[in-house]
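Labels run A, B, C and D following the written order; every chain starts at residue 1.
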Amino acid sequence: MDDVVYKAGIAGATGYTGYELIKLIHRHPALEVGWITSESSAGKTMADVHACAWDYPLISLDEAMRRADEVDVVFLCLPHAASIEPVRAFDKTGVRVIDLSADYRLRDPAVYTRWYGVEHTAPDLIDDFVYGLCEVYRDEIRGARKIAAPGCYPTSVNLALYPLAKAGCLGERVIADSKSGVSGAGRKAALAYNFVEVHDNLVPYNVGYRHRHIAEMEQVLNGATPGGGAYRFTFSPHLLPVNRGILSTIYVTVTGGLSQADVRDLYAVAYADEPFVSVLPAGQAATLRHTTHTNLCVIGITPAQPDQPDGDEYIITASIDNLLKGASGQAVQCFNLAMGLEETTGLL
Amino acid sequence: MDDVVYKAGIAGATGYTGYELIKLIHRHPALEVGWITSESSAGKTMADVHACAWDYPLISLDEAMRRADEVDVVFLCLPHAASIEPVRAFDKTGVRVIDLSADYRLRDPAVYTRWYGVEHTAPDLIDDFVYGLCEVYRDEIRGARKIAAPGCYPTSVNLALYPLAKAGCLGERVIADSKSGVSGAGRKAALAYNFVEVHDNLVPYNVGYRHRHIAEMEQVLNGATPGGGAYRFTFSPHLLPVNRGILSTIYVTVTGGLSQADVRDLYAVAYADEPFVSVLPAGQAATLRHTTHTNLCVIGITPAQPDQPDGDEYIITASIDNLLKGASGQAVQCFNLAMGLEETTGLL
Amino acid sequence: MDDVVYKAGIAGATGYTGYELIKLIHRHPALEVGWITSESSAGKTMADVHACAWDYPLISLDEAMRRADEVDVVFLCLPHAASIEPVRAFDKTGVRVIDLSADYRLRDPAVYTRWYGVEHTAPDLIDDFVYGLCEVYRDEIRGARKIAAPGCYPTSVNLALYPLAKAGCLGERVIADSKSGVSGAGRKAALAYNFVEVHDNLVPYNVGYRHRHIAEMEQVLNGATPGGGAYRFTFSPHLLPVNRGILSTIYVTVTGGLSQADVRDLYAVAYADEPFVSVLPAGQAATLRHTTHTNLCVIGITPAQPDQPDGDEYIITASIDNLLKGASGQAVQCFNLAMGLEETTGLL
Amino acid sequence: MDDVVYKAGIAGATGYTGYELIKLIHRHPALEVGWITSESSAGKTMADVHACAWDYPLISLDEAMRRADEVDVVFLCLPHAASIEPVRAFDKTGVRVIDLSADYRLRDPAVYTRWYGVEHTAPDLIDDFVYGLCEVYRDEIRGARKIAAPGCYPTSVNLALYPLAKAGCLGERVIADSKSGVSGAGRKAALAYNFVEVHDNLVPYNVGYRHRHIAEMEQVLNGATPGGGAYRFTFSPHLLPVNRGILSTIYVTVTGGLSQADVRDLYAVAYADEPFVSVLPAGQAATLRHTTHTNLCVIGITPAQPDQPDGDEYIITASIDNLLKGASGQAVQCFNLAMGLEETTGLL
């Protein structure tokens, strides 16, 4: 490893994603914190906002833009729609940009508008971005200067199904029953996320075909399928009374007459060299615990009818930490690839 | 309501189900605790075992059988297989029996053996039992002297799908993704249920077609279907980090060309007079909180493709409290029906 | 019990206290819901606000005042300071008032102002109120028309120490280390109560001599002491990652040369006939679980130096459910006493 | 930092402490896993026992002893009493030993026997051990070959009070009200640690002067006091419904007429150069969150009577992660010191 240390700017640093990103940067031998921003807490420090001892001053986004040349990369941890213009502004300075919002993930601005309900004001920039799912788009991410880090739910579903889609063996109907920790909703005051409302509860929301993250599943899995896919998604996210982690339990049909061994082989081959994807032995399902506080995606493959060796229905379980592989960890993984560093640097 | 007060014996009173049953009996104007048993804690009192002030002495099952004539009804809260012979013994005394174990739920002893792995030593008694799902078998439960209270998971799934099955409109494939609180596993020392293992975790188990409770879903829903059903179940239970409650998210196809309004009507009609089943307005999904600490089953009906009014795919969410509607509450509801009391007595 | 059913108005019904009060009223044979109010949700129903099936319309406080004659008692579940004027308005209509806020608890308006930072605009009414801690002020509560229901923390500390204070045997220094579930903070959107902030955390706040509830401890315990007490309180509340319940671990010195048996006798005598106070056997400490979902206060008495039979230092543990004995349950207990009903009606 | 990498043997690796130690070793540039043992799971791998992908084989303690020469240091994560003889055996091989059990922490074997109820069968070895609280015994730990890593509760209390004791300003009576996550109880199947028993609960246990860890508080704080201390401890541990973390809320009197500024100065000076102890600004109390997943001890200093600048009563709050600073993190800190590495290596 060389000894260059890059400086990172973080826009929107006081959310859970930004906080986690700072922790990762602290462990990363080639990254250090440059400036960090917070619109609501500019003038304070991280220690004023979180139970931590980090005395980084929080500056405004405006000041950050003026100080773009102090950093080598900007990670944007802003809400969707709030990232569009800041990305454009940072991009003009020439600094490398990794955007963790949804704003530059979707290739088609019309799709963005349909799901997010806002016009995309920088459609010209979208083409410059690569979608930061390293296991699928590794070659494009290498050396990239603009990366859109994937959403948390789609990361779990896309990694769970990519080997099947790529092999053209994924049945048309995909049912993903996903459960997410509360940090996925962001750090905000809202009655729905008050402790008493979430604790001892389990809340399905946007069930069916209503959650924005479906767009990323369609883009990645349709795109990965030879000849293009046209999967029909049913996606049911649930709010789980834990802080972090996503478990997706996914019901699929495997086409092409594959045996159980064939299916396992598809995964084994697809992920043989992946440092952050782990396929469980037969008979095991992924749990939240498998990945909490790691950058891993752990996948379990279970035939739906264990007594029927030639059955074509499967349950794929996939677990990630929504703040790491589902957000900041994946962003750092992208950074490593983009800079030509070892992909796992600071993430093991 | 008349003023007769019946005495209840509880076999296996120190588990979570027995404990909850005692709380229900305390609120029930026509029930009081006779004797209660515990093999492991005989000689102690409930206050020695639970954080409560109940000084009921715990006696052995043997002593309880000798004192069968002191009670009007025996509730058995024993593990599966452990109930078979005690039920036979109590039955000989002529006392009314409500068994909360799985031992007398399945009509076919061969099916029992296939799922539970033990021979049924009292197959002759099975026919005397009625399956205590009041919303489906109300007439048979009225006046019944032997009742097998349903399992927790099947109660949520069966009530969620009964209107469709009865109307002959339930598609062949049923996928139930269920999440249960830890009390469903019973009160026992086991590493898998140690707080640290469960907290901040979500654990799928027996995923696919491996959980014993599938047998009750097949029995009830196949049986309710005109001409008999042959549904193909995929059932994925998950251990949820909460004490109590089950949420089942169920993926089905509705046959017969029904519109969304038709489907809602089926449920409205089927459950119009049910005191313990509540169907949510369109657009709402059931949450755990809807039913915790109640005897309710709350059901949400969501089209999988909201934009397609004639779509036939649905997500049915169903919530119950596994200790109440999924066990002791349902047992008391059966008791009320069996004794000719108002069905809701002590349960509202 | 007679067959009269009283109608209750609830001001501020959508908070956790109001919600719990409605549940209690449903179980109470002599109470039913009249109207309920919510300033923020007027025009909606409870089912719009909580995961429940209660279709009570929510009206404004103004409308409620015009409809005061429809109810026999008004329970006010409003924040402190917000209750002062509504109480005055309801009082003019002659309706019975039970105020669950802090506004009429403190006899001295100057003390109120010191702790709550607002002027008391109805000091003339304070004298009409009785402090609704039934175990201490039972005679005054009987027949009372204006009752100030006690705060949650003080209920646990006052019941824990009342027998010692009344006997003049409580040492001057009192250290109360209290832990409360999050519902004690009320139902509101605030980052500090966001699930992620509270879960897996324990947060001391207002440690020392800074929490408003100290005023109620001083008023009750100083008042109960023969000749008047002048206790010196150190009070450390902690926010606990549970929904409900308070556990106070209290460090005291017992004066007067009492033996351990003497101390236990003081409690046994003081609480011999109390339906809602339970003193644990020697060697046991109170846990949250002892009282959750009950109107009980459970107390444990532990000598600090078990080897020294004549030691004078004790640890008193006291557990209540903050929403029941610490709020709505206690309010109903007061109502029962005030109306001449059996004190335990609807509360067992 | 040099490039030597030491091999660590871990005895009792499948408990929570051992698991955490392996995670630390993975991040430590100068440590790697040699062998690891488990009596109950010998022959399996870590991945069979925990939800992780570590394929380290688990060997028996007997085999480990034969392979002592394969490692440079042995960390023993065994229960108390179970460490005495293995330590002797490993010691004979000459390997460096860091014992995380209580067996070699107490200088006086009679004190060990009094608290732990077992005879110490290797009293001759005790003198060779240094107590591994680096902030107090740093000089002795440098180069040490036998280190007894401190207990979790005592670490929080001793670091919280050490500056006062060392200055001779700690009042005789010390009241420590401590709350610990469940991992502190070890990884075992026991009804008391079943999820349902712990969740939504708070359980005081061994309240007063009954918990074994008091011995370590007495040893360290009495020893640190000029002329020797004779503190009188009241210690109340509570089982908290979280996985990890200890918060101690400690009530003390400061002697010697110190002002609040003086007291803060004592701490500032004592911990000025400590990498793992952080004293909060005035007005802040320590929370669990301050230290979870870190090797920090965070301390808050709060005057009990904020209005009395010359008051001598204080509340000291101290937070640690019981598995890190309270166990494995501290053990690695000791290792670093013992080997002459930077003390913070692998721990930041």
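One rule holds for everything that comes next: a residue touches a chain if its C-beta (ideal position, glycine included) is under 8 Å from a C-beta of that chain, and two chains touch if they have at least 3 such contacts.
For clarity, every value in this text was computed on a predicted model and none was experimentally measured.
By count of C-beta pairs in contact, A-C exceeds the other of the chain pairs A-C and B-C. Same-residue interface: subunit A and subunit B share over half of the residue numbers found at their contact. Relative to subunit C, the most remote chain by averaged C-alpha coordinates is A. Chain centres here are Cα averages; for subunit B and subunit C they lie 37 Å apart. Centre-to-centre, using mean CA coordinates, subunit A is 39 Å away from subunit B. Subunit A and subunit C have Cα centroids separated by 46 Å. In subunit D, 197, 200, 241-243, 287, 289 are the positions where the chain touches two or more neighbouring chains simultaneously.
Within the complex formed with subunit B, the subunit C residues making contact are 26-27, 51-53, 200, 278, 287, 289-290, 293, 296, 298, 348.
Looking at the complex, you find that subunit A touches subunit B at residues 175, 177, 179, 197, 200-205, 207-210, 234, 236, 238, 240-245, 247, 249, 251, 285-289, 292, 300, 302-307, 313, 315, 317. Contact residues of subunit B toward subunit D in the complex are 16, 181-183, 187-191, 193-200, 241-243.
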